[in-house]
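Consider the two complexes below, in which chain A is the common component and chain B and chain C are the respective partners.
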Partner chain A sequence: MKILKEYKYDFTEIIHGYNNRSLKINLSDMKIESKQISEEMKQKFVGGKGFGLRYLWDAVTPETKWNSPENEIVISSGPVGGITQYPGSGKSIVVTLTPLNDTPMDSNVGGHFGPLLKFSGWDALELQGKADKEVIVYIDGNEGIIKIMESNIETIDSHILSEELTEMFAKDETDKRNYSIVSTGSAARYSNVAMLNFTFYDVKRKKVRLKQAGRGGIGRVFNDKGIKALVIKYEGVKSDLNNPANISKINRAGIRFHKEMNRYDDEQNGMRKIGTANIVEVMNDYDLLPTHNFKFGSHKDIAKIESKVFIEKYITQNIYDGCWHGCSMSCAKAADDFKIKTGPYAGHKVIVDGPEYENAAALGSNIGVFCPETILELNFYCDTYGIDTISFGTMVAFAMECYENKVFTKEDTGLDLSFGNIDSALELIHQIADGRGFGKIVGMGIKFMKKYFIENFDADPKFMFDIGMEQKGLEFSEYMPKESLAQQGGYGLTNKGPQHDEAWLIFMDMVNNQIPTFEDKAEALHYFPMFRTWFGLVGLCKLPWNDVTPHSNKYSKEPAKMPEHVQNYVDIYNGVTGKNVKIDDMIEESERVYNFQRIFNIRMGYGKRTNDKIPYRSMGPVTIEEYLSREDRYDKQLKEIVGYNLTNKSTEEKMAVLREYRESQYEKLTDAVYKRRGWSKDGVPTIEKLKELGMDLPELVDIVSRHL
Partner chain B sequence: MKILQFNESLCIGCHNCEETCSKVYFKTEDISKARLRITEKVDDFNRFKGCNQCGDCIDVCPEGAIYRMKNGAVTVDKKICVGCMMCVAFCSDFHYHDDYVEPYKCLSCGACSRSCPTGALTMKVEG
Partner chain C sequence: MFYLNNREEEFQEKLTVTKLIELKKYTYKKKIVKINDEFINPDEYSTTFIEDGDDVKILHLLAGG
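This part shows the complex of A and B:
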């Protein structure tokens, strides 16, 4: 490949998790530069998502759109990222302005790229500008060379592209483990929900594996910048490369956790057997599994897609599936030699990553598909085409409900989009990837579809907004928040939109009744989003925090917080950085970045109370069919809690009263959460709050002053 | 294959074996770095922890760094090992020390048995 630009750099020692410099590449003028990271930057933004948001803020203006040249894609792991002793320590966080609504998006991803970037000498990578011709950016972290090369590769889809690039760059089989590739797929040319695949080389299978920065259309930005792929090489990963301040703390925490996995995983969640998909049937049992566009929470055919089916028939057992070194939770499961039936890879035997819980729900129950092989095939195509599985499922579910409600017909779209129509679901995914037919519309996301259906099919706007499960442009992830007010807040009162990585409170709220009052819920909607934000600042995966339960939890006053594991995080963070922080300090670190992101949203015109509203489908029954499916529950709530006399009342009358009640509850919750977070009634962080956090930076004060 | 054998009734708890092991592999007589363990017990026999080279750990290593050598003993390839410690958590016959990245284990070299003054430790040929 023709080299368009070459840049050589010297190595500096990593000190306590930081190189103290970042790499910026502008693809418009091929400028490559090294930027120093100040102590203040580390103190206020820590790393990972914090660095990504800070760099993105500096790069853009309120007028910048997702496809403006100045928009950036920033990739950063974080100070703890890259340790090998504690599970889940290889995360990268990717930040950009999303094509869904031109506001900051963050998405976390496994695979080896982020840690290898750090060991290659860079705490973050900023990609700005647009290349004239498609390029591959290559970073050799052992030689200290960066090359921008003109791509001569025709392959588009990730599963083949990442294999070809690994073969092309690695000198032999042993060398392949030292590479990680970032790419997207066919859909990135057309779809707003296109994602990025990050690879790791699976030394046991001798295959390239893909992990996804799924949410928010980052793949589309990547494609728009003219980037075919990022390739990184670093040979020599060891547990001490972060030059930790106290390796003993990290070793001890890691061994303690590995032992816990050995002892408890089989009897608890079975993460090493099936990963997060272990909860498919649990969600169904609790009536929480999104079914038919979140109308229902369970389905009679659930046995066909429960985790046992995947464990017994499809997912390879007893093989290591960690997406970074040393992950004994090992949840990145795979179906080996899965035969594809449709599309360009029909007849190929491929490795399918997953299905994770979200995929099984999105590609299964939510679109009415109860066929494990279809779920796996959709999962494969989502990955290789570069489509976010969660958005795909929620988008198709929305389109299917519209079809069933005759918003459009088969004549309009060429497809029978009844719930559960497997052929149509598969056809849609190929259409999204090729940007043709009705798939081109669906692939733009629900926010776009709602407008399109109103304008072109004369759809009822109210119905569209009630059943279109998106907020801030992002499709809901796969939990039913309808009966859990706290989870409605967990989805709605978020920075990037309805994604469960901020707060997953369904069980605390609904099943265990641990947060009964508004104040309790508000406290949970403060603590958990902040605690979970912290993972994204330092380079960690959230799953090892609570997907195995230590014995000590039985005696804990706050079992939902998993205090023993929190202490592990305190230990490894202090162990790497040499800090002496406590959990409260970690929460404050998160608060700084969280409030920064909130103000960034406001700066981009999208971060106030009006944007925190959620579709009624996520709060209560939109249709008579839904009401009747849970009539006893709703009647009881009306009678006992609202004090409404049900005698001689029609279902429509009851629905109206229930709606008024539930919407008012959400408003009250919003008030309580804003208060707890130190925000105004309109959801704007106050200057007092910024001062308290040491975040009263002039550029932030300037924004909030105009909105308070 | 040679396997380390322990006769508890002969052990006097002198820890020569551990010192020797540490010296052979790490050039220091620091029993916290030994690849076997003698635990002294009051009013009871001393306890021994040492590897029987069963090889169950080979599949546990995610990196494929653990392998059986030609002499039958199981070892860690330090070039491949990244120091994740999963083997240490899996089997108590793996050891680690904060001075070193890679965990380590008994290689059935017999140095410890040769240093044992009472014959409590011996090497037995098995298999």
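This part shows the complex of A and C:
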């Protein structure tokens, strides 16, 4: 491949988790530069998502769109990222302005790229500009060379492209483990929900594995920048490369955790057998599994897609599946030699990374598909085409409900989009990847579809907004929030939109009834989003935090917080960085970045109360059939809580009163949460709050002053 | 009447913890059971009866997707 630009750099030692510099590549003028990271930057933004947001803020203006050259993709791990003693330490966060609404998006991802980037000398990578011709960016972390090369590779889809690149760059089989590739797939040319695949080389299977930065269309930005792939090489990973301040603290926490995993995983979640898909049947039992576009929470055919089916028939067992070294939770499961039936890879035997819970729900129950092989095939195609599985499922579910309500017909789209139509779901995914037919419309996301259906099919705008499960342009992830007010807040009162990585409170709220008052819920909607934000600042995966439970937990005052594991995080963070923080300090670190992101959204026109509203489908029954499916529950609530006399009332009348009540509850919750977070009634961080956090930076004060 | 997670439930004769978990379809494995603030171990679920007026807590330890 023709080298367009080469850049050599010297190594500096990583000190306590930081290189103290980042790499910026501008693809328009091929400029490559090294930037110093100041102490202030570390103190206020920590790393990972914090660095990504800060760099992105500096790169863009309020007028910048996702496809403006100045938009950036920033990838950063974080100070703890890359340790091998504690599970889940290989994550990185990708930040960009999303094509869904041109505001900052963050997406966390496994695979080896983030840690290898750090060990190659860089705490973050900024990609800006647009290449004239498609390029591959190669970073050799052992030689200290960066090359921008003109791509001569025709392959587009990730599963082949990443194999080809690994083969091409690695000198032999042993060397392959030292590489990680970032790429997207065919869909990135057309779809707003295109994602990025980050690889790691699976030495046991001798195959390249894909992990996804799934949410928010980052793959589309990547493709628009003319990047075919990023390739990184670093040979020599070992446990002390972060040069931690106190390695024994980290070692001790790791040993404690590994013992717990060995002892409890089989009897608890079985993460090593099936990963997060262990909760498919659990969600169904608790009426929380999104079914038919979130209308229902369970389905009679659940047994066909429960975790046992995948364990027994498809997912390879007794093999280590950690997506970074040392992850004893080992949940990155895969189906080997899975035979594809449709599309360009029909007849191929492939490895399918998954299904994770979200995939099984999105590609299964939510679109009415109860066929494990279809779920796996859709999972495979989502991955290789570069489509976010969650958005795909929620988008198709929306289109299916519109079809069943005759918003459009088969004549309009060429497809029978009834719930559960497997052929149509598969056809749609191929259409999205090729940017053709009705798939081209669906692939643009629900926000786009709602407008399109109103303008072109005369759809009722109210119905579109009620059933279109998106907010801030992002499709809802796969949990039913309808009966949990706290989870409605967990989805709606977020920075990037309805993704459950900020807060997952359904059990605490709906089942355990531990947070009954607005103040309780607001406290949870403060603590958990801040605690979870912290994982994305330092380079950690959140699953080990609560997907196994230590014995001590039941005696703790706040078992939902998993205090023993929180202490592990305090220990490893202090162990790497040499800080002496406590949990409250970690929460405050998150608060700084969280408020920064909120203000960034406001700067881009999307961060106030009006943008925190959620579709009624996420709060209560939109249709009569939904009401009737939970009639007892809804009648009871009306009678006992609302004080409504049900005698001689039609279902429509009851629905209207219930809606008024539930919408008012969400508004009250919003008030309580804003207050707890130190925001105005309109959701704007106050200057006092910024001062308290040490975030009264002139550029932030300037924005909030205009909105307070 | 007894309380389950601070919500009123109708009292039933000979209702064990096992039976209550079955009735409620509480299939998630990671949970803690307490009756009147005392822990009940899983091996005691089938022999522990819920009495009229009991304060039962079945706390599911699932805080994350």
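Methods note: the second predicted complex is superposed on the first by the 708 of 708 C-alpha atoms of A that agree within 3 Å, B and C clash if a C-alpha of one lies under 4 Å from a C-alpha of the other, contacts with A are read in each partner's own complex, and residues count from 1 in each chain.
The rule we apply is simple: a contact is a pair of C-beta atoms (placed from the backbone, for glycine too) under 8 Å apart; a residue touches a chain by one contact, two chains touch by 3 or more.
Worth saying up front: this structure is predicted, and the values here are computed from it rather than measured.
*Asks:* Per the contact definition in the header, classify A:Y320: touching chain B only (first), chain C only (second), both, or neither.
*Replies:* In the superposition, A:Y320 contacts chain B only.
*Asks:* Taking the superposition on A as described, I'd like to know which of chain B and chain C A:Y357 touches: first, second, both or neither.
*Replies:* Only chain C; A:Y357 stays clear of chain B.
*Asks:* With the two structures laid over each other on chain A, which partner does A:I255 touch: chain B (first), chain C (second), both, or neither?
*Replies:* A:I255: touches chain B, not chain C.
*Asks:* Among the partners chain B and chain C, which is in contact with a greater number of residues of chain A?
*Replies:* Higher number of touched chain A residues: C.
*Asks:* Return first, second, both or neither, reflecting whether A:P559 touches chain B, chain C, both chains, or no partner chain.
*Replies:* In the superposition, A:P559 contacts chain C only.
*Asks:* Looking at A:T84 after the superposition, I want to know if it touches chain B, chain C, both of them or none. Which is it: first, second, both, neither?
*Replies:* After superposition on chain A, A:T84 lies in contact with chain B alone.
*Asks:* Please work out whether A:F507 is in contact with chain B alone, chain C alone, both, or neither, and reply first, second, both or neither.
*Replies:* second
*Asks:* Which partner does A:F370 reach: the first (chain B), the second (chain C), both, or neither?
*Replies:* So A:F370 meets neither chain B nor chain C here.
*Asks:* With the two structures laid over each other on chain A, which partner does A:F113 touch: chain B (first), chain C (second), both, or neither?
*Replies:* In the superposition, A:F113 touches no partner, neither chain B nor chain C.
*Asks:* Which residues of chain C touch chain A in the complex?
*Replies:* 5-7, 25-30, 32, 39, 57-65
*Asks:* Quick check: in the complex, which residue numbers of chain B touch chain A?
*Replies:* For this pair, the touching residues of chain B are 59, 62-64, 82-86, 88-90, 96, 98, 101.
*Asks:* Along chain A, where are the residues that touch chain C in the complex?
*Replies:* 267-269, 276, 279, 281-282, 285-286, 357-358, 477, 479, 500, 504-505, 507-508, 511-514, 516, 528, 532, 542-543, 545-547, 549, 553-554, 559-562
*Asks:* Inside the complex, what are the residues of chain A that reach chain B?
*Replies:* The touching residues are 84-85, 203-204, 237-240, 247-248, 251, 254-255, 257-259, 261-262, 318, 320, 322, 325-328, 330.
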